[in-house]
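What follows is a short report on a single structure.
For reference, chains read A, B, C and D in written order, and residue numbers begin at 1 within each chain.
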Amino acid sequence: ADQAADAARTASAAEMVDTASFKKEGPLKVGVSAGYLANSWVVFALQHMRWEASLHPEVQDLIVTDASFNPAKQVSDIEDLLRQDIDLLIYWPVDDASVEDVLKRAVEAGVPTVQAGGGFSVSEGTVANAYISQYKLGEMVARQLMEDIGGKGKIVAMLPIAGTTAAVEQLDALEAVLAEFPEVELLSVEYGDWNRAKAKQITENLLQRFPSITGVYSPAGQMSLGMAEAFDEAGRSAEVTFSPGDEYNGWLKWVAANGQGGAVTFPTRAGQVALQVGLEILKGNPVPRGTAVPSEYVASADIGSLVSPDAPDDWWASDLPDAFLPQQ
Amino acid sequence: MFRMRWRMVEHNAIWLLLGSGALAAAMFVPAFRDPENLANVMRQAAVLGVLAIGQTFVITAGMIDLSIGQIAGLVVVLSSAMINGDTAMTLPVVVLMLCVGAGIGLVNGILLNTLRLHPLILTLGMMSVIQGAIFTYTDRSIGRTSELLTTLANGSFLGIPLSAIAVALLVGAGHLALTRTRFGYHLVAAGGSPESARRAGISLSRIRLAVFVISGVTAALAGLLLAGRLGTGYPLAGNGLELDAIVAVVLGGTALSGGRGSVIRSIGGVLLLACISNLLNLLEVSAYLQMFIKGLIVILAILINQPRKGEA
Amino acid sequence: MTGSRIAGALSELRLDRHAVFLVLIAIYLAALTVSPAFADPAYLFNIIRQVTPVGIAAIGVTLVMVLGGVDLSIGAVISLTAVLCASVMGGDAANLPLAVGAACAAGLLVGLANGVLIAFSRVSPFILTLGMGVAVMGLTQLYTGGTAKGIVSPGFREFFNFRLAGSVPVLTLALLVLVCVGLAIEKTTVFGRRLFLIGSNRRTAVLSGLPVRAVTVAAYMLSGLFGALAGIALLARSGVSGTSAGQGLEFQVLAAVVLGGTTFEGGRGGIAGTLAGVFVLVIAFNLVNIGGLPYHMQLVFMGLIIILASALYGRLSERNG
Amino acid sequence: MPLIEVSNLSKRYSGVAALRDVTFSAESGEIHAIIGANGAGKSTLMNLLSGVTQPSGGTISLDGKAVRFSSPQAAQAAGIATVYQEFSLVPQLSVARNIFLGREPRSRFGLLDRARLAADTRDLLERYSIALDPAQEVGSLSVAEQQMVEIARALTYASRVLILDEPTAVLSLTEQENLFSIMRRLRDSGLLILFVSHRLEEVRRISDRMTVFRDGRNMDTRPTPGMTIADVVQLMIGRTQSVPPAPHLVPPDAERYTIDYATGQGVQRIDIRRGEILGIAGLVGAGRTTFARALAGNPVPGASVVAQVNGAALALGTPQEAIRSGIVYLTEDRKRDGIFAGLDLVANTTASALSDLAWRGIRNRRTERVRSRAMLERLQLVAASLDLPIGKLSGGNQQKVVLARALLTRPQLLICDEPTRGVDVGAKAEIYDLLCGIAAEGAAILVISSETEELLALSHRILTMHNRRFVAEMPVDQANENDILLAASGGTPAKEFS
């Protein structure tokens, strides 16, 4: 993908989808097929969904399955959900392409599908998306980084699990931005699997390999944090500028303490939006193919409103009411 | 007399478990007995079923193959990349993939014969190597499988899933091979007592080669089915499948120490696992609890299927 | 002629016991030619610190493998104990003893379960601990609900990553201390000797009146305990970052132990070799990285190392009868 | 022309010369015995003849033509069939599948012909009057029955030569007789039978000629008629057989162990006094080992022991407890559960007494070394170094180390199960001396042995077991080989047991 592709996507997202055929009366049974749940971001997104469901009395049941990163299991999970006569399927994929077929079968069976929180997906199997553009987010992060390092220098990129939509689009966005900054050299692209310890170890090796690193492109706060520790422990924090991360609480704490980096949000309320879109579909109202949940840039100076110093690192800034916050 | 009867019970424990479990499930969870749901269960079990057939051969021969999950994963990625939605490519690619599976199996077998390693260690190492190779090749989903494979994996004929029919045919072939051919007899003997088999003129190294080639080919077949299910080449698709296959085989009463095994009972094990997973989903048991339960099932399975005294 | 004499002389050296040290020297020299940084002690201590969690876990797993067992649940134990420790700590240094205690207790408990099941049955420890790993993983997720709870208390990470005399991180030192503890257990205690005896021949051990079951349970508990310490070390290295921080580490641990000359059959090897194995592994990984090879090539290397090291030691010990 | 001719045959195993320049020949239509002490190289020669291993030098010819058997199949194809000393059956398979393993009959479509397999097996068993069920799993057969399966298998392809490596060791009297008549029938039909045995009496009875081996060399081949046992022993070991010292007198007031052995067939009581050596005779599978293990804290279901010394019950729940109660068992199968193969002599010797030699769980290496060296010296162990792995020692020396391990725990009741199995003649005599010495110092000793002469020479009293029960008891001066064998085979016992 590049800028043009992203623009095309935005256009395609704005297209309205006719949902009359999905119209249904309550009580409603909503199936949620999680590609994975062992990740605090999706836990928060799911809690948003639950919160939203509690606001709609017609939603009688919310059935959640977890494929634990196994796409074949996700296919099976969705099949099992369909067997339980759900009226709406919300999902986030382990891997977009892998679930395309089964989703198509769902739609053919009259069950509308809404993709929550992942990348925007156009396929017969996905009626609508509540999406965060990883590309836009990546672009915002990259541009902010370019600004902060003054448009020249040597940078490294830390991306999540190789092969995921997030990793792919963040890299595409970075490369698109870098095309405008010929004086910036991309030293290395690494995959830290959203794992702080792994990101730290990789960074320790990067520090060994490269005597000078001007900037770090890392849209995921939890990996940024591991990287920051590595720079700090190598005594090289002074030379480097961090890109914004997301609103991962541990990262926010670091931003607050160090006064740099900031955050480009990756809002967990995408889950809530997904259910809202789904309920619209069930009412038969036309919905846009993609409802973007916009990311915002929060500068380090303004981070105070976002950070919760008493919450764990593995926590997300959100508007969830207390009753729906994950147990701490 | 008593011993004989106990042997009968032991041999058919998996059917008792599966039968009583399925019956109870059908009675108390109406969604379970829905024919479409049962067809789903079979569809979901197909990949594991194919793997379990190969692993039955391996384990009966007294060995183990931990690399099958990654072989399947490799085939998912390679076949999708090469077919890339072009149905005409299906046949050549399928043949090629079977060769890839056989080739890796052959490498396993040759290394085992020349390095004289414990198969557990060899295939553990292999698993890591193949996984690294897959990732080095691609770190993201690539390509598309063909319509043909998708149909095979998800379609049905007269309400019976095509993949289940395919597995049934394979099971038949596997069962015949293991119980009605010289090769099967020799394999069982080699697993039961390698030294005795060697003295009876059975070439252990040839059995090892054959068994790992079978394992590799079934892994490749499983990979093709999996590709059909996923529709695309996802690099992590094979992760963890080896453990599931071993558990299914062990549940089916095949002794990890070798010399006893039945393809049909292994399929019983696969069906049991698939039913449990389906039920847990139907009962909305949280995925975490499912994971915990799965671990317990692994533990229980091997506790139940301990080697008898003197066979360890 | 000279070939056989050399082979003879080599076998006199008990190559099977010391091969890993030769490998370590060789790979270190290779590393030196690739990057002079390997001559810098500060850098060396730093890369050792990278593998501290793996190294600590490997100590316990070595004990279990000397006994003829294996512990593949160690990755799950590391994840569980890291999260548990952080969660009990709750951001307050005063809770530290309690947190460490809780983590160790959890590790011991998993070890106890492994040990009892293995000591009182005849199951394959390989599959059993693999299953236990899945179960513990599930437990961890159940406990956390998917978000890693807990806050590391201030100063915790800073303390462990502080460099004594400007070059030796406390964490590295902790690894070395624990290795010494492990070595002491292995070399000087009756328990350590019994591990070798049981690993060498379990049946003989039973007949000779050794408390085989108790030793087995104790060994797995120690493995759990070192796993817990490894979890704490992981936490000290970089806070809580998720609920599955230790996932996959068991394979690195296994690679290090096997590389160090402790075999799956048991009765041979030891912690000194394991430490060398850990070093070889980390240097190899660093070389992959410095060489600019893709990160995932590490997996390929790890696999090859497991295969080749096992084959080599098998050959050597065969020759030594 | 001799059927088999072997010249200058030698075989080395990583440094050990198992056979050196052996030259010998055998004719068709004879039963040719091969005898020699343990480790003399008999099995090695048989393995070479049957293609299991290949020679390091020399030639084998069959019918005057030099042959080289690269595998057991090559030898089988040439009509040489072998019954090995170690079992070569697959326990999980049926009798029929074992007998035709590797040569299963096939029907059309390449599938196996299971009906013919069963029928062929039944025919074969009937022809040689072997009473076995073709469908039964071999693992559930008794040792003797398994041996008959082995023999039946060999009979299916023995067209020229039948090699029997110690076939009778596990057979009962009637089975032995049946085997001998089969052997005679085969000989008369023109087969050459090579027959390896340690039982000289038996050899004298059945063989036509014998070849004696010593230290991997062929000492001589002679016609059997006319040879006395003394002649043979002289050839075998270069001197006449060593006899254990005459048993010392047991003090009449010595402490007495009463042992109640409970099996599915009721409880039997036996007793033994300190200082006494009590022999237990019986055929293989009679249940002696099971009794001994139960006594040493290692019972199997259906065999349990309650023991008392002077009326006080002993704790025998586990081997550990038994050892603490002073009862130690020395295994009959050293390799399986007697030695710690990869470990050195100190580790092997101190294993049972580790905690006694340590201080609060911390080992004292010096004490360990000193004590094990002292004990091994007392047992006259000749080893280059204490740091040698035990696997490198000879069988006799291994046995001494195992004995040393037991003695370090200061046992009061020592159970030796086949203490001289796989031990050469010289070491045998030393072991007899040692056992007598230990008994004289006041320990009770139970000796289980399948060599009746050994029991007759060593013990004060001999018990005989048959079918898991004690069936006879004889003071050594009233015992003889015949009575013991009779009782062991289930004949009229000399003295009924309670």
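Note that in this section a residue touches a chain if its C-beta (ideal position, glycine included) is under 8 Å from a C-beta of that chain, and two chains touch if they have at least 3 such contacts.
For clarity, every value in this text was computed on a predicted model and none was experimentally measured.
*Asks:* B-C or A-C: which has the larger count of contacting C-beta pairs?
*Replies:* Between the chain pairs B-C and A-C, B-C carries more contacts.
*Asks:* How many angstrom between the C-alpha centroids of chain D and chain A?
*Replies:* Inter-chain centre distance comes to 72 Å.
*Asks:* From the mean C-alpha coordinate of chain B to that of chain C, what's the distance rounded to whole Å?
*Replies:* Whole-Å distance between the two chain centres: 31.
*Asks:* Measure off the straight-line distance from the CA centroid of chain A to the CA centroid of chain C, and report it in whole Å.
*Replies:* Those two chain centres are 35 Å apart.
*Asks:* Whole-Å distance, chain C centre to chain D centre, using C-alpha means?
*Replies:* Each chain reduced to its C-alpha mean, chain C and chain D end up 44 Å apart.
*Asks:* Could you list which residues of chain D touch at least two other chains?
*Replies:* Expected reply: no residues.
*Asks:* Can you tell me which residues of chain B touch two or more of the remaining chains?
*Replies:* 135, 139, 286-288, 290-291
*Asks:* If you look at chain A, which of its residues touch at least two other chains?
*Replies:* 37, 162, 191
*Asks:* Which pairs of chains touch each other in this structure?
*Replies:* Chains touch in the following pairs: A-B, A-C, B-C, B-D, C-D.
*Asks:* Given the complex with chain C, which residues does chain A contribute to the contact?
*Replies:* Checking each residue of chain A against chain C gives 37-40, 42-44, 162, 188, 190-191, 194-197, 200-202, 204-205, 208-209, 222, 225-226, 229, 233-234, 250, 310-315, 326-328.
*Asks:* Chain B touches which residues of chain C in the complex?
*Replies:* Counting only chain C, the residues touching chain B are 117, 121-124, 126-128, 130-139, 141-142, 145-146, 251, 254, 258, 264-265, 294, 296-307, 310-311, 314-315.
*Asks:* Which residues of chain B touch chain A once you look at their complex with the stated criterion?
*Replies:* 31, 34, 36-37, 40, 43-44, 47, 135, 138-141, 144, 150, 154, 226, 229-232, 234-237, 239-240, 277-278, 281-282, 284, 286-288, 290-291
*Asks:* Quick one: which bits of chain A touch chain B in the complex? Just the residue numbers, please.
*Replies:* The contact residues of chain A facing chain B are 34, 37, 63-72, 75-77, 79-81, 83-84, 94-98, 100-102, 105, 162-164, 167-168, 191.
*Asks:* Could you please specify the touching residues of chain D with respect to chain C in the complex?
*Replies:* Against chain C, chain D makes touches at 14, 296-298, 318-320, 322-324, 328-329, 331, 336-343, 347, 351-352, 354-355, 358, 361-363, 389, 391-392, 405, 409.
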